[in-house]
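These notes concern the structure reproduced below.
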Amino acid sequence: MLNFESDYTEGAHPKILENFVKTNFKQTSSYGYDNYSISAKQKIAQICNCPSAQIQFVCGGTQCNQIVIDSLLQSFEGVVCADTGHISCHEAGAIEYTGHKVLPLPNDNGKLVAADLQKYVQTFYGDQNHEHMVFPGMVYISHPTEYGTLYTFEELKALSAVCRNYKLPLYMDGARLGYGLASLNTDLDFEKIAGLVDVFSVGGTKVGAFCGEAIVFTKNNMPPHFDNFVKRHGALLAKSRLLGVQFDTLFTGDLYLQISRHAILMAEKLKNAFIEKKYPFFIDSPTNQQFVILPDNLMEELKKSVSFSFWEKYDDQHTVVRFATSWATTPEAVDQLIKLLPDCGN
Amino acid sequence: MLNFESDYTEGAHPKILENFVKTNFKQTSSYGYDNYSISAKQKIAQICNCPSAQIQFVCGGTQCNQIVIDSLLQSFEGVVCADTGHISCHEAGAIEYTGHKVLPLPNDNGKLVAADLQKYVQTFYGDQNHEHMVFPGMVYISHPTEYGTLYTFEELKALSAVCRNYKLPLYMDGARLGYGLASLNTDLDFEKIAGLVDVFSVGGTKVGAFCGEAIVFTKNNMPPHFDNFVKRHGALLAKSRLLGVQFDTLFTGDLYLQISRHAILMAEKLKNAFIEKKYPFFIDSPTNQQFVILPDNLMEELKKSVSFSFWEKYDDQHTVVRFATSWATTPEAVDQLIKLLPDCGN
Amino acid sequence: MLNFESDYTEGAHPKILENFVKTNFKQTSSYGYDNYSISAKQKIAQICNCPSAQIQFVCGGTQCNQIVIDSLLQSFEGVVCADTGHISCHEAGAIEYTGHKVLPLPNDNGKLVAADLQKYVQTFYGDQNHEHMVFPGMVYISHPTEYGTLYTFEELKALSAVCRNYKLPLYMDGARLGYGLASLNTDLDFEKIAGLVDVFSVGGTKVGAFCGEAIVFTKNNMPPHFDNFVKRHGALLAKSRLLGVQFDTLFTGDLYLQISRHAILMAEKLKNAFIEKKYPFFIDSPTNQQFVILPDNLMEELKKSVSFSFWEKYDDQHTVVRFATSWATTPEAVDQLIKLLPDCGN
Amino acid sequence: MLNFESDYTEGAHPKILENFVKTNFKQTSSYGYDNYSISAKQKIAQICNCPSAQIQFVCGGTQCNQIVIDSLLQSFEGVVCADTGHISCHEAGAIEYTGHKVLPLPNDNGKLVAADLQKYVQTFYGDQNHEHMVFPGMVYISHPTEYGTLYTFEELKALSAVCRNYKLPLYMDGARLGYGLASLNTDLDFEKIAGLVDVFSVGGTKVGAFCGEAIVFTKNNMPPHFDNFVKRHGALLAKSRLLGVQFDTLFTGDLYLQISRHAILMAEKLKNAFIEKKYPFFIDSPTNQQFVILPDNLMEELKKSVSFSFWEKYDDQHTVVRFATSWATTPEAVDQLIKLLPDCGN
């Protein structure tokens, strides 16, 4: 059975396991003050060219979004995002659980558009009833987006400008950041992102780690007593070395981007095969997730030998599905998958 | 200055003031156990022909919605409503404050449509990722809606049927219920509503009282220790007689509907004038709120002698505004307003 | 049946009813912007000699505490109070509902002692694990306290000094403030209180109004968009005139203190009778609530003709009960009660 | 430098690392449905002799307590615990964050006493004002307690009986459960615990794992859609294999108890040395945490070569400190520590 269901079907990058073994019996401090965490934070700050970056590691993506958003919003504020945003659709109401409304705007290929944001905020303040409405308090984007698409440097700059104009912190959810930065055509990098956003996350779970997201505050804006805040949300890990060792490994040398590039190469290979075999794409994704529209009978046939993700019904006879590659995808598996794909054109 | 801004610009119906005076020095129990509250509850249960109705009075509309919804939802559930619903737009995130997501569906003239609800719930359960999404846990409608429109008996029956099919409690926000029931063409009444919904509110604030909404559970479904729940939300009034006397007055004889009918007559008179003078309506409202589209220059002119509510921008040169009548609106004021209205047709 | 159960068994002071009638058909703005509310706020600011006071009216006491505390605490902070404090015992968890811990300290006759507070905060910061604990974020006191006792000017100054030293906002719950200020021996007044605390409430419900508490921020420290915050908690009244007229009446002339003084006179009369008849006091209260220890058989006997409040079991054969007077208590009722009281000494 | 600061200073048991490596490239399902998690759950159910046990793994202890408690309480209820309980003191208000009050009772050597619980609940329901108070909704204990002490079978049975009588779910926080079950004199085991409590946790973090607590519902009482509930709290791990492999390893053979026994042997060795050298104990702990009272000058001296935990100030010249052993403590380290300890008696 081939598995292209998601980018979290394998364990951790072997280098991480190696370092677990190597460091296992060293005694360390806990709750984020172990040497591995400290070292990892320095390396991430360095790759961002942001020496003042304030960093906290947490275990999961929803947890990360929940904590960042709850920590930056005033109680009367909500978080603006694309209507396809992960926080709006697939986090079981974790943001609302913190008492805050998610304020969805229309998406353009999964992305939030600066002009839409500008118009929304203007309309809000122009509405004479706005004191009875939820104030926009920050902006959430993900990169890559829920549909694998990417912001260009210009698009991100434009969003950042609107945010600054209205004093809205801009948060980038980077659960799959590696795959975004390793994409063939992106003009963004860690440093540019750190410059344009107020806080972003660097995803480990989907990019080589067992678990872990790094929350990076880039503007000396980590809220006071953030450890306590994180603990109160149930997210402060006692043995923080688990996260420290993983991120220290991923950010030693070029490992994080190097393994991301591999996933992109695998995805491109697969994408080219889809093109060649005339599979219609649901969206044009330059990253490790490929969304194609399958006739339902072909989908059922494929399911017998490959696992992939249901995304949504396209119409009565077609379904949108997702094929994901990762740092662990082998060229052999991609070749096997390609062989299994019949021509789809008519 | 004429005032048609809202239906809460005057105090309370004179009969209420009379009863305040009459009962003022009688000593009563508190927290809902005074005789006036008990009597008022009986009268409301009677008009609903629902002897087992369980009733609680609270002071305000947002409070009422917040408490009903938070009390009926499981923690993993959200509340479905029309995207124009008051809870979705104009309650400052009071529902999200309780930790629950508002799940908006497209509206049809401010109303939620049974078929849309059915489709939404079906799609939800058909989505293979729904365990990561917010479960629809109840349905919110208002009657009249945010745009003054009304459900027909058939429409409400259809919504109720979908709700029962999926075991979703149906809640009707009746902040302006009197004006809905007094509308000239409605085929709904207290009894039919009590039969079709699981809980509804009877608005006092906008229909003759100083303040107060009656929460009516119709299916023996008031959550246990509801007093305590209400107190925990800061909504349990010590001198509950304030609410008891008001509702007891409004539901003695036909007062609640009688004063509502007056508001409807005033609104119809005004509506006819708008029609005659060729004012375009934003929506066709059969209740006490009339929404017309004004050219901005005419709007500015009118503002000098009449106050009304901004609703939303229509286009660059037009604005949607609301004129509201109430139990206290005098025929003279309506006449004066009509005189002030120039012809609008071209 | 005589009723000394609480200070909220009657309606509103007749002057309030008079003003309801007088103003009833004047059309006003809503949500706190009506002229009566504006006028009342000015009068309260004036009596406090605090022209910059920022004031908001809400309907009830628990609501008031919940909103003030939630609005001033950072998310990682809790509120310190005496272990007998209303918020700690008798508000159904309304503070915890907002996500904040109540941090109880031992009480001295219902009061919080500056030295205890000082020691608590010092111990907290001296605890090497305090980053895993709830930070003290503000201090709650009530005046009169839950047991009717009063802070002296010196005691309040000492508390205020500790609070300032640690930058802890000091909040005084004045649900029965009138009865405290009208007490025969107090050396506190509105101005001294406004000077020493950061925010306090002026209770209407128990002092002549149907409902209503004024929240008074004295240090230009009302949180931004407080209306919105209040609405989100379900506590923003549409017809704010209901609160405005009441407080405007109570603060016209000396009415608030004048009617409070009456209650104190009635309480003193009763207290003297208790002393004379050798009833043991549970606590020595200088305000309108008197706490005596009754042998259970005497209690049962008395219950036949008087209602009063159960406070707590004293021992197997005795119970602490409360007799409360109010602005509405008549000398005749007190006389009747006194006549009913047998001698208690042996 | 010797480290006896806590039982989470090392990484994971080598067998766990071995299994990480062995299983690393197997592709698995996620969110709790991987084979390792399924297998681990079966093994835990088996050791409890509770085939119907419903189990969920989460990453951390505070998270675990927060989720269990929030999932079992009705909104008007709080959780009863000893005043020394972890949830009451050292979780940064994580329980209150979920909206629930912690209701502390006096402790007996860190333990909750059945008779105290019984009296508390009786007094609560006997209080005529209890509808304005927080209802006791469940009971929290930890085993070992915050002070390393243990419940006997009889004590737990008595607590369980009171809980059943009042329909209060009984939850045992087993963050250090292994060390409790491996203690030399305990008469409890997995099966007895599973029988007497409604839900308990099996701590991994402090007993050989990198992270992880197993939540075990023993009475078919896991709340519906618990995955969704867990996700909403930010605690559902995507790569659940991380937890699955760890618990599957710990519960293969006797590993969990075997490594716990080692920690106990090390602790007993140390305890005997303390006794011999006349160190006064703060409490008599039969588990892996030893609490001794050190003269401050001796404490400062020791700190130069050993790290241990500050617990609390004992008096002006003494401090309570904690020495913890773990599965990873070597006999050599204990010997070295013992050598460093001067005689303490005089």
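Going by the order they are written in, the chains are A, B, C and D; count residues from 1 in each one.
Simple rule for what comes next: a contact is a pair of C-beta atoms (placed from the backbone, for glycine too) under 8 Å apart; a residue touches a chain by one contact, two chains touch by 3 or more.
Predicted, not measured: the structure shown is a model, and the values here were computed from it.
**Student:** Sort the other chains by how far their Cα centres are from that of subunit B and give me the top one.
**Tutor:** So the farthest one, by centre of C-alpha atoms, is D.
**Student:** Please work out which of A-B and B-C is bridged by more C-beta pairs in contact, and write that pair.
**Tutor:** Looking at A-B and B-C side by side, B-C shows more C-beta contacts.
**Student:** Could you tell me the distance, in whole angstrom, between the mean C-alpha positions of subunit A and subunit B?
**Tutor:** 42
**Student:** Compute the distance, rounded to whole Å, between the mean C-alpha positions of subunit B and subunit D.
**Tutor:** 51
**Student:** For subunit B and subunit C, what's the span in angstrom between their mean Cα positions?
**Tutor:** It comes to 34 Å between the two C-alpha centres.
**Student:** Among the residues of subunit A, pick out those that touch two or more other chains and give their numbers.
**Tutor:** 75-76, 91-93, 97, 99, 131-132, 228, 231-232 - these are the residues of subunit A that touch more than one other chain.
**Student:** What residues on subunit A touch subunit B, complex-wise?
**Tutor:** Against subunit B, subunit A makes touches at 75-76, 78, 89-93, 96-102, 123, 126-129, 131-134, 310, 312-313.
**Student:** Subunit B touches which residues of subunit D in the complex?
**Tutor:** 70-71, 74-76, 99, 131-132, 135, 224-225, 227-229, 231-232
**Student:** Any idea which subunit D residues touch subunit A in the complex?
**Tutor:** Contact set of subunit D toward subunit A: 3, 6, 8-12, 14, 17, 20-21, 23-30, 59-64, 66-67, 91-94, 97, 205-206, 210-211, 228, 231-239, 241-242, 328.
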